[in-house]
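Have a look at this one.
By letter and in written order, the chains are A, B, C, D, E and F; residue numbering begins at 1 in each of them.
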Amino acid sequence: MSDPRIALCPGSFDPLTLGHEDVVRRALAFADRVVVAVSHSPTTAKQAMFTVEERVEMIREAFAGEPRVEAAAFQGLLVDFARRRGASLVVRGVRGGVDWEYESQMAVMNRRLLSTLETVILPGDPMHAHVSSTLVRQIAGLGGDVAPFLSPAVLRRVRTRAAT
Amino acid sequence: MSDPRIALCPGSFDPLTLGHEDVVRRALAFADRVVVAVSHSPTTAKQAMFTVEERVEMIREAFAGEPRVEAAAFQGLLVDFARRRGASLVVRGVRGGVDWEYESQMAVMNRRLLSTLETVILPGDPMHAHVSSTLVRQIAGLGGDVAPFLSPAVLRRVRTRAAT
Amino acid sequence: MSDPRIALCPGSFDPLTLGHEDVVRRALAFADRVVVAVSHSPTTAKQAMFTVEERVEMIREAFAGEPRVEAAAFQGLLVDFARRRGASLVVRGVRGGVDWEYESQMAVMNRRLLSTLETVILPGDPMHAHVSSTLVRQIAGLGGDVAPFLSPAVLRRVRTRAAT
Amino acid sequence: MSDPRIALCPGSFDPLTLGHEDVVRRALAFADRVVVAVSHSPTTAKQAMFTVEERVEMIREAFAGEPRVEAAAFQGLLVDFARRRGASLVVRGVRGGVDWEYESQMAVMNRRLLSTLETVILPGDPMHAHVSSTLVRQIAGLGGDVAPFLSPAVLRRVRTRAAT
Amino acid sequence: MSDPRIALCPGSFDPLTLGHEDVVRRALAFADRVVVAVSHSPTTAKQAMFTVEERVEMIREAFAGEPRVEAAAFQGLLVDFARRRGASLVVRGVRGGVDWEYESQMAVMNRRLLSTLETVILPGDPMHAHVSSTLVRQIAGLGGDVAPFLSPAVLRRVRTRAAT
Amino acid sequence: MSDPRIALCPGSFDPLTLGHEDVVRRALAFADRVVVAVSHSPTTAKQAMFTVEERVEMIREAFAGEPRVEAAAFQGLLVDFARRRGASLVVRGVRGGVDWEYESQMAVMNRRLLSTLETVILPGDPMHAHVSSTLVRQIAGLGGDVAPFLSPAVLRRVRTRAAT
């Protein structure tokens, strides 16, 4: 029996959007297990809406009904995290050509750092292709309604946070 | 025990390049079985270098040592072929932003036609990102050396064809 | 009282898709009158699904309830047609970066040919951004279901045509 | 008699360039009134060359002879400002494919937040497509000549500012 | 004394536009000699406006005053022509991102075929970035005025041809 | 005898990568002399890995065997530095479409500021197209192996720096 295929979905997920959730669910079509991997990025920590721990929690809530998805935080290089977790795949949703260019360069870079790590790119669902965590933070921060872009558990957290 | 994951690598493969072979091999990282699916495209048949049957044969030769890869020709819609073969994935290598845009639109279209069919995009290996079947046909037709772009079995066929 | 603002929506419309209809309706937000202008393109006439006259008719049917929209065929340069119709605007929907580049070059060219002719570009609705007349013709030709991409009157014509 | 069509030209305009002025003037081809809307963006305020109030003044000076153009500052969401002003259009000039991608995503986002708000994109005039406020600030800050990129009133202010 | 640096400006030049002329003149900034190389492309010959011989003549006329520019026709691979002429550079003007992607792939391909052949890309002058031979042929064929896009000698030939 | 052609390769080179070195070497195909010009960019100085002086030194080391290459730091506008050094060319390597768009806009801007300054763009070698100084700093900072992206002298400096 072969080893399970473990895919990483790395990102900052500040917060997790419906676009992210869509990518994670679609990754289950070709991975046995998906690890949603929240990166610590200290340089942007001060503008963050949620701590890394909160983001891990919100991912767990959002995928509570899906035993093949787990959430984890990581520091350092993605390739090192992949090695530690035995992951053979990185999955990234891409919304447009600018995203694509960045992701394809990262994919090549990561393969040079760890030759067994394959990056697969999922074209973003058109319903979510205009949504990003950054926009959600901006809109919420300016008092706008972000309900169309977030699942209920995440929305509740964002509203609580934006109100404080 | 779950069903095997079958991925289609569709294309015209006239001829199969090292870039194609790289994509097929990488698809084995997340698919149990890869069907290299040669499309009949009658409108371009007159400029073809090889018949669809010859292309299927050359793919079989190139992957003779890899039992998880098979070659097949198909006519009609890709989604219908995917249904017939029980495939849940389409895999496409992408070389640049223009390619990406086309493939991401096709991916959305195919999901609308068959909601269970997921398209995953593999960023082309940089060593092959400038190679296309069209360029290979042009270079071979003008007497150039296409050895760097083709595996031995394919090269032999192209040389024989170009010489006639 | 100022002259009415007349906008041209040029294209081949073979056939009119829901993406086209969306662009025409959105153009009414800033134009008093929209002329859906079907271009004769003799070089591609042989692959056409519908004659220019049929396309004009199907546009009239689709916009039968909207008195501010009319359909017309034109030959020759778009700028000459704009002059004859007193149009000051060209409206084009754009689906992606490749489209955008082409359209922005055409916009500059048309302004050099007729300095009063302004081109405005509407970002395609994400629900339609993967739909094109070419894809609809291909899918219909291969027996696929194009109902999600066409309004009822157009769909009826396409099904009749594809069946013959 | 129908309501006047009010278009917003949002931006930071730090400073207003000839490229911006061209877009505003072209918007008058399809809008009855254009509101040049200067956004407060507190995060970048520290690198600003001009205060928001100064930018509003310089826009008023530049369009002093055009009664259909007005200048205003806004805070918060663009869609809220559009609601308050009764604007039905957002107009954005676009210089290249990267710009286009960003603007088309914002256009979709804004329509989801306010379904009656249409974004129209004007391809940048080639004479101005390489000019941005950021570049003007950099060049002026390094002692370069920015006369080709600014109208006289703006240039006078930039020179005064750069000299201090 | 070192060998002169010879640059090729390859293309179909059907007809030579002001955009082409600009690229050739700019190439003289870094090449000792520029060979404007007209490719025979038999597949498109039937839609051609001018024969290859006529195109060579019109290039000679346009650069009659510039002894460092010559015109030549070539068949076969560009790299073979470069070898025969002792050229070390290929120069291509690029108008947009789609062009760029194509040219950068060709540049890599040509270096793989001839490692000493360097391709340099000149960003198109904004005044000409919307002009292409294809558009000139279309506009002239439809009776439009192509004077802004061509130098006098070329314009005279195009008018004579379009009138027949 | 004509003046030597001097080309500038401007950048921040923090650190010099194999991609940079490749561009500099290829520039020698059409320039008599290449000045690798390290820009002071005070706003990003705090995140810098190396001082400008250290970067100049590492460039000198890397090109110690190539008398036609020199390294220099500059402040202020590139066009002013070009004037002082008598340079007629700017050479930039470009990795993808996003880069290209930025560089082509800078090229037009620089020609407007100094009409004799030509920018030539070299398509990045595919082996290096995913490498950037920013990525190298990130990977080194996270303890990754950057040996594949740097020449030996640079690598030694980066390792020493990363260890402190």
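Just so it is clear, contacts are C-beta pairs under 8 Å (C-beta built on N, C-alpha and C of every residue); 3 or more make two chains touch, one makes a residue touch a chain.
These figures come from a predicted structure and were not determined experimentally.
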Any chain that touches subunit F and subunit D: A, E
Distance in touch steps, counted as few as possible, from subunit B out to subunit F: 1
Same or different residue numbers at the subunit A/subunit D copy interface, by half rule: different
Far-end chain from subunit A, centres as C-alpha averages: E
Chain located farthest away, centre of subunit C as origin (C-alpha): F
Mean-CA-position distance for subunit F and subunit A (Å): 34
Numbers and ranges of subunit F residues touching at least 2 other chains: 96-98, 101, 108, 126, 129-130
Chain pairs that touch, as defined at the top of this document: A-B, A-C, A-D, A-F, B-C, B-E, B-F, C-D, C-E, D-E, D-F, E-F
Complex contact set, residues of subunit F against subunit D: 76-77, 79-80, 97-98, 101-102, 105-106, 108-109, 112-113
Touch list for subunit B against partner subunit A, complex: 5, 7, 26, 29-31, 88-89, 94, 97, 100-101, 103-104, 107-108, 118-126
Parts of subunit E lying in touch with subunit D, wherever the complex brings them together: 96-97, 126-127, 129-130
Interfacial residue positions of subunit E with respect to subunit C in the complex: 95-98, 129-131, 135, 139, 142-145, 148
